[in-house]
Every structure is written in C-alpha cells, then in structure tokens.
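The next part holds the structures, each set out as structure tokens.
Consider the two complexes below, in which chain A is the common component and chain B and chain C are the respective partners.
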Partner chain A sequence: MSLHYTKEHEWIRVEADIATVGITDFAQAQLGDVVFVEVPEAGRQVSKGSEAAVVESVKAASDVYAPVSGEIVEGNQALVDDSALVNSDPEGEGWFFRLRLSNPGELEGLMDADAYRSFCESQ
Partner chain B sequence: MSDADRILPLDSWHRARGARMVPFAGYSMPIQYEGIIAEHRWTRQSAGLFDVSHMGQLIIAGAGAEKGLESLLPGDLAILKEGRLRYSLLLTEEAGILDDLMVTRRGDHFYMVVNGATKDADIEHLRERLPAGVVLDHMKEQALLALQGPKAVEALSRLAPGVDELSFMTGGAFRLGGISAWISRSGYTGEDGFEISVPAGVVADVADLIAGQPEVKPIGLGARDSLRLEAGLPLYGHDLDPATTPVEADLGFAISKRRRAEGGFPGWFRISKEMEQGTIRRRVGLAVLGRQPVREGAMVVDGEGNEVGRVTSGGFSPMLEAPIAMAYVPTASAEAGGTVTLAQRGKIFEARIVPMPFVPHRYHRKGAAK
Partner chain C sequence: MTKNPSGWRPDLGAADSEGARTGTFTGNRALMLEEPLIFEMEEGGGTGVDFAEVPGVESRLAGLERNRPIGIPGLSEPQTVRHYTRLSRQNYAIDLGLFPLGSCTMKHNPRLNEKVARMPGFADIHPLQPADTVQGALALIEMLGGWLVTLTGMHSVAMSPKAGAHGELCGLLAMRAALEARGDAREVILVPESAHGTNPATAAFAGYRVESIPANERGRVDLDALTARLGPDVAGVMITNPNTCGLFEPDMLAISEAVHAAGGLVYCDGANFNAIVGRVRPGDLGIDAMHINLHKTFSTPHGGGGPGSGPVVFSEALTPFAPLPFVERLGNHFALVEEEHVVGRAPRGPAVSGGHGDPMLAGQHHGSSFGRMTAFHGQMGMFTRAMAYILSHGADGLRQVSGDAVLNANYILRQLEDVLDAPFAASGPCMHEALFSDKGFQGGLTTLDLAKGLIDEGYHPMTMYFPLVVHGSMLVEPTETESKAALDQFIGALRSVAERAKAGDQSLKAAPVHAPRRRLDETLAARKPVLVYREPEQAQAAE
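Right after this comes the complex of A and B.
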C-alpha cells in the first residue's frame, strides 16, 4: 500500500492496481460544512486532471479532479447518503471513489505525506 | 487578506475566538468560527452575536431633514414616531435600487444604517441631494453589533435592563455595562433580536459582556447569509441592484401609502405604474428538488432552454436540510406552487415556487402574545 497527495488537496491510497481517492482533512476544513456530494458511476473512464466528483459546502461548490487516470470501480454511496462524512472522517469513511489505475506511472509526480504537510504549511 | 481590506474594531477579538477571516465589503471579516451550520442552528435556538460594524451609520440632521430625506426615499417619514425604525430604499430616477436601509427617527435627527459595500456611494448620493442646512454625519467612530435569536432578549436584558420593553422595529438609548448604547429591536435573521450601536473604542468590552452570557455565541458572515436567506430577506448587490425596482423585488411594502399617492421621490412614476399594471419579472422563493444547492448566477430556463430569469441567492437551508434559493422569474410563472427549471454548470434542476420566508419569522411585535 502507498499513500500519495496532490496540490489540489486529494489523497490517493493505492493497493495493487486500485486507487482510493478522497480529499484531505486540510481540504475539508477549508470547505466547511459539506452538504452535497456527487460521485462518479462505476465503469466511467477518467483521465488525470478531469472532473470526477462534486463537493458542495454551505458556502460553495468545488470539483474533485481525478488525480490519476483509470476506470472508476466504485463511487462511495455512503457519502452521497451522508455528505457530512467528508467533514467527520475525510481520510477514512469519507473517501470519494475507487479507480483501476491505467497509468501507474502518474503516481510518481505526487507528494508523500511529509511533502504534503510542508505544502499545506506553505499555503 | 489583501492590503486593501480595512480592519474593523473587533478584528483581534474575532481572531482570538478562532474566526476564519475573509475579505467582505472592503473589510476583513469573520466568515465562521466553529462552522456555519452549527452557528446557524445556535442562532435559531439560542442567541448569536454578529459584528456588523462594516455597515454605515449615518446621522441626518437639520430643519429640513425630514422633507429632504422624503425627496430621496419612498418611506413616509412624517408619520414615523420617535424611536421607530422603517425599512426603506435609495432609488434612481428610473426606480432602480441603489441601496436598502433602516431609518429611525431619533430626537431632532434621523439615524440611518446602510450597507457596508455601498455606504460611500450612499453618502455621496445623499450629500449631493439633501437641501442646504441638512447635515449628514458618517459616524465612523461607532461600531454595530447584532444579537439575534429567541434567547437574545433574556441575555441582553441582563446587561441593558429595559430592552425587553422594546417591540419589533423600535429603538432607544440604553446603558450597557456603563456604556451608552443605541439599541433597536431589529435584525436580519428573521428571529427576535437587537442591533446595538456603541462607540468603536469600547465595542470589545461590549462584545465580551454579551458573548459572556450563557445563551450567546459569536456568529460569522456565513451563517448571517444562510439565516437571512431562510428568512426571505434580500441581500443588496445580489438580490437587489440598480437594474431592479422595488416592485420587481417584491418590496412593495417599502412604498408607503401616502408616498405612493403623492409621489415626490425618485422612480415614483415607474413604481406607480408597476404597482398598477404589474412587472414582467418578480423575486420569488424556490425550494430546489434534490440535495444539491443551486447558487447565485444559475439560470432560470423555459422549455426550450432559453434564459428567462436568474437565481440571485441560493444555498443550503440548515433548518429545512434542503436547498433553497431566491430568483427573478417571469411574473406569469411566479405563482406559489408552480415549478421552474434551473440550469447550473450544464445540469438541470427543478424547483418549486414557495412563499417566503422559508422559515417563519419570530419577531417580537407590539401587542403580540409573549
């Protein structure tokens, strides 16, 4: 298993060729109370940087971009039913979607936990 | 925060309480403390303290003040009694709304509270048009707080005895912790509550006293916006602007009967005509189907996808736990119970037109049962 982070404040947990994607605790704190989440359907192909999910707080709507390319294998239905999970457990039960990596090489450009922590401190 | 954002007297007070500060109306202001939904619900069930010191507090004095103001506003100031507030509007000659405001008769002068983002333009507008001998003073040395919620009266009476005797839309001079304060029973949340004007130099002491009451928590701008939206109250610069008339905005109540009959204020011709013949569009409340909020800027579309209106405020109602919005729609389809179609970022939404307020007002009206 490996854990990666993006400058868009997403985390990616990779097990074999499956990546689980969510937004970080830093991101949920910035968003505030989340009231709506839309996750992608299984089978959809997403490419790195394309819009994959939507997260809306009381204040604003934000897109969640696919941090890596692949085929969606599952969107988190629990999140659709209870969007507050993004606030209460962003890096656990509040995951957004799982995808099957089509280009694992894309992971190389992402940050590890230490690099991400420094990145947040510089924000 | 950009360098241009001005600092309000309670800036460090907010920061010390964990507020997240954002630029608003040219000031750095607290958007939230613990979270918008929690703050929103706290205000509806207990009492919330808001810093609204960015708003403009004006004194209009002089022998011709009443007549001079009546020449610029559609409100009947002649019948406005001492210590009474009136909601009114600054209008263009074409009846466009320059600002919405509260005006109070206070002794030998009028006290006016205008929006923060428009106050400089308002002051210029008023000074250019008020007759000679009428003086406008911008009270830059005054701060303004609002205490809103069903327990506001309990909390504030402890500090400023007698405020419980005020009824909705009345005000008076009180002592609060040894400080002279002008307090009115008014606000922008739909709840019972008060607005409290005190000198900026002592506002931190006043805020400490009020926030020290067990019923009270400080509330940010985020909840202020969601509360006023639920209360169906328009926000200037979003739901109201110079291209919108009071009749279109469903603010006909701000056009006093005598003033409508007699005229003598900007936009009278168009307003009388619209009150008789109707307008082609009108501000309505929308209950959006589904869970996803529809925001300001979303389009109202007809069956062919043509834009026929615009959402001017939209968000998630913490009390209804559903998305709500205000929009301008064609009057022909503005009846409550009807449905409209909205488009936002390529997605279609259905919404039902509903009466406003979305959440009932709980003002403390004179003569009403306690």
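Right after this comes the complex of A and C.
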C-alpha cells in the first residue's frame, strides 16, 4: 500500500492496481461544512486532471479531479446520503471514489505525506 | 431647521439592559413584530369573501366534491395583508439603507422610472398587438438600443435577452454561429479566474469545454498564460471587465488582439459596466459581444423587485448572427423584424410586421441570425425604466454615475485598508468595488462571523467568499448614490466589526444578537432543506 497527495489537496491510497481517492483534512477545513457530494458511476473512464466528482460546501462548489487515469470501480454512495462524512472522516470513511489504474507511472509525480505537509504549510 | 434646543433625544433603550423587562406577552419588541407562518395563523376555514350557503342546490359533481381540506390557509384580507407587511418589515432593502452588495444586486431605483413605466401607452399593451398600434413602445426600444450601442461603441444590439446569464448565452450562441458559418467549429472557451461565476456555466451550456486562465498577483488576467493557451481549438474568451476583484483589466486590448489573431472571438461580461459607463467604450477594446444588465447599470429593479433584462451589443463581425426580433426604424415608422431571410433564398413572407417595410430588411444585416432567445421582444417594463434613467441623467450624468461609483468604492478601500487586508490595494485604485480578505482575523473568526456582526450593525452584508482568488473575500460595492455621511457611517460599522474579528472577540460567533432571528444553521438548511409546510403531525410522521 502506498499513499500519495496532490496540489489540489487530494489523497490517493493505492493497493495493488486499485487507487482510492478523497480530499485531505486540509481541504475539508478550507471548504467548511460539506452539504452535497456527487460521485462518479462505476465504469466511467477518467484521465488524469479531468473532473471526476463534485463537492459543495456552505462556502463554495468545487470539482474533484481524477489525480491519475483509470476506470472508476466504485463511487462512495455513503457520501451521497451523508455528505458530512467528508468533514468528520475525510481520509477514511469520506473517500470519494475508487479507480483501476491504467497508468501507474502517473503516481510518480505526486507528493508523499511529508512533501504534502510542507506544501500545506507554504499555502 | 433648528435642532432640538433642549438636546433631548428619545432613549431607544437596550433590550437586555439592567432592569428592563426583556420578555413580552406577545413576543413582540415594540415595532419588531413576531410573526408566525401563514399556515399557523389558520383559525378554521375563513376566506377573503364569505358567501352564504346557497339553499336547494343539487350537486352535479357526481361524487367528485372536495372531501378534505386543500391545505391553503383560510384568512381574511386584512389578516393576509398584515402578515406580509409584517414580514416585509423584517427584510433589508435598498430603500432602507446602504446595500454593500451594490449594483450587482440592487442600486437605487429612481421613482421617476416607476412613474414612466406606469404610463398606459407603455404599461397597458400586449406583445401580440399590431405594430401600428404600439409605435411609441417600438420607438422607445429603438431609442434605448441606440443609446446602448452608442455608450458601448458597438455595432448593433439584441434587446430580447431576459437577464445577464441569458445575455451571455445569446453572445456565445452568436459566436458559435459565426465560427460555424466559416466552417471552423472550435471546442474551447477560456475563462479567467477573475470572471463571473456564470461565465463558465454559460460556455458549458453552449456546448464548449471550459478552461480556466489564472490571475496574476495584481488580480488581473495573466496575459502570458492566456496567449500561451490560444490556438486553433479556442473559440474565444469570456472576460469580465471590470473584473470580479473590482479591477480594470488594463491588458484588454492586447487580449482582444491576441484572441483575434488566433482566430477566436471575445465575449465581455458587462455586469460591471456601472464602473465605466460614459468613460470606456467596450467597442474600442476589441470586444465582439457584451451583455448589459439594465437591472444593474441602468437602475431597473431586480432581486424580487422585478425581472432582469440583459440586452447584448455586438461588433460588426457578429451582427449578422444576432438573434431576432429587433426593431428597425424606417423613416418615421418603427417595424418589428421577426423573421430572418437567409440571403440567397426567396423570402417566405413579409419580414416586417409593421407593414411598411422592405421585406429583405432582415436579410440585409441579420441574414445568418442564430434564431430567437425568447417568444416575445424583451422586458418592456425594464426598457421604459432604463430609458427614463438614461434620459434623466443624460450623457454627462451617466459619466458622473461611473465617476461617483468609483470614487465611493475607493473611499471605502482607503478608509479601511489599515484595518482590513486589501490584497490588491497596492496596485492602484479599484473600480466600483473594494475587495478585502480575512487575513489577520484571530480566534477562529471568519468572514461569515464578520458578516453576521454587520447585521447587528443594521447593514446587509457585502458579497462574501467570492471571488475565489482571495481567501475569505469580502467585496464591497457602495454604488454612486450614497452620500459621504452614509459611507462614513458604514465605514465606522465595518471598522468596528473588523476590529472585533482581528481581536478574536468570541462574542462575534454569537452574532447576530439583535436580529429577529439569531444565527441560522446554514449547513442543516443546505443538507436537509424543508421547502414545504407540513402539518405538525405529518412532519412528525416523516421524521
């Protein structure tokens, strides 16, 4: 298992060829209370940097981008029913979607936990 | 008038001061009236007019008679009038005080506009009336269109779009028609971060892919990033000028030239025209299409007070693709041109419903019209108001409107920049809006807390958390009609609340404390909105 982060404040947990994607604790704190989440359908092909999900808080609506390319395996339906999970457990129960990596090489450009922590401090 | 020589002023009292009786039997606080929902006022099936039971009538409804209440509260006329009047007193309005949302939401609606709009020749007409019977109304539409074309330095105008975003769509559809007419279907619209939020939505709705262009450190479009992205797939840009940071885009001409050189077209969001009317002509900046919000710059009411209206002005290049209908002057006669005639095809019928026109008229300059935006001709009631506004100000008066709007915003910016962070203040004067950030707020206090504190001070909050390029942004637009005394009082109120936020004063978390209702749970309202009234037992059952 490996854990990666993006400058768009997403985390990616990779197990075998499946990546689980969510937004970081920093991101949920910036967004404020999340009131609506739209997750992708299984089977959809997404390419790195394309829009994959939508998150809306009391302050703003934002797109969640696919940090790596692949085929969506599962969207987290629990978020559709209870968007508060993004605030209460962003890096656990509040995951957004899982995808099957089509180009594992794309992971190499992402940050690890230490690099992401210093990235946030510089924000 | 001499002031009260005794110096005595009535004591307004504090609701929670020592010894004051805070609770009242009714829940009212003098003229601050507590009001139930209209459904809770029901006393048992009253109506506005009571008819006596009619004797000896046989029902012919064959068992289809109503057999349960229909769920509309039964109230008399005075009960209903009082209910809505009481509610209206809990609202904030431009007629009550300074509205820092500015022309974006509502600027002063001159009463002269209302008088003119109620003249029967304008008010009591129907869009299907023969054109010969509404010559005055058509003349007014043509005259207003002429002013808009002159003020913007553009070539033609489409009057029918009903509001700003509708105007954006009108402009984009004309751009799309022009590109397709030259066999050059392009896919991408570039939208700077400093553009209005509706711009990317409009581009997507018109079938384009949207790509964002970053802002530079001065809050303007990053010209290098924009020009680097231009290419044969870019249909055009949508740019808001002055932008949502309240700043003028000084590179506008260079942007237009670069976009045109790459074969694209330039749409300008004219929502902030109030800052430049009479001073800058968008046509001189290479713009191909721009909407004008009559309900902003030209003072017609909106936001519940009336419908919007978003005429679109076009460059010469885009004019053939503009929508129908439009009003054409033929000598002393005004014709409503309702049908396009594609050049080279025989006319299908009279193009001019006025009856005196040249049937090829539309084909001469709207031959490639993309079609219609609306069934009828636009917001007539807004046209009369906007025309009254323009004529009562004149060219010099409109020039003073933008001057005073910009002066007032800069006064607020400079009076508050020592207490509130103003991220772009160092780059020079702002336009009609002053932008501040939440930098320096202590104790976990946020822009939202400041806004709630402003409610206690008797002001509607400013635009907040937009634009997104600034953290916790607060966008203040006073508009041109506020006096220096009114601005000073607002500045004093905002300064006081900002100082509390910077000191980490936790009592701000509880604001508003003086409003009819305390802090509402916006998260719960968004997550579990209750949009329909239900009887208490139904609501309980649904829990």
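Simple rule for what comes next: the second predicted complex is superposed on the first by the 123 of 123 C-alpha atoms of A that agree within 3 Å, B and C clash if a C-alpha of one lies under 4 Å from a C-alpha of the other, contacts with A are read in each partner's own complex, and residues count from 1 in each chain.
Going forward, contacts are C-beta pairs under 8 Å (C-beta built on N, C-alpha and C of every residue); 3 or more make two chains touch, one makes a residue touch a chain.
Note that the structure is a prediction, hence the values are computed from the model and not measured.
Participant: Counting only touches as set out at the top, which of chain B and chain C does A:35 meet: first, second, both, neither?
Facilitator: Both chain B and chain C are touched by A:35.
Participant: In the superposed arrangement, does A:17 touch chain B (first), chain C (second), both or neither?
Facilitator: It touches nothing on chain B or chain C.
Participant: Just to be sure I read the superposition right, which of the two partners does A:112 touch: chain B = first, chain C = second, or both, or neither?
Facilitator: After superposition on chain A, A:112 lies in contact with neither partner.
Participant: Need the overlap of the two footprints on chain A, from chain B and from chain C, as residue ranges.
Facilitator: Comparing the two interfaces on chain A, one with chain B and one with chain C, the shared residues are 33, 35-36, 58-60, 83.
Participant: Could you please specify the touching residues of chain A with respect to chain B in the complex?
Facilitator: 32-33, 35-36, 38, 54, 56-61, 83
Participant: Which of the residues in chain A come into contact with chain C in the complex?
Facilitator: 33, 35-36, 58-60, 83-84
Participant: Can you check the complex and tell me which residues of chain B touch chain A?
Facilitator: Touch list, chain B to chain A: 31-32, 35-38, 222, 226, 291-293, 295, 315-316, 318, 323, 345.
Participant: Please name which positions on chain C make contact with chain A in the complex.
Facilitator: 465, 468, 522-523, 526-527
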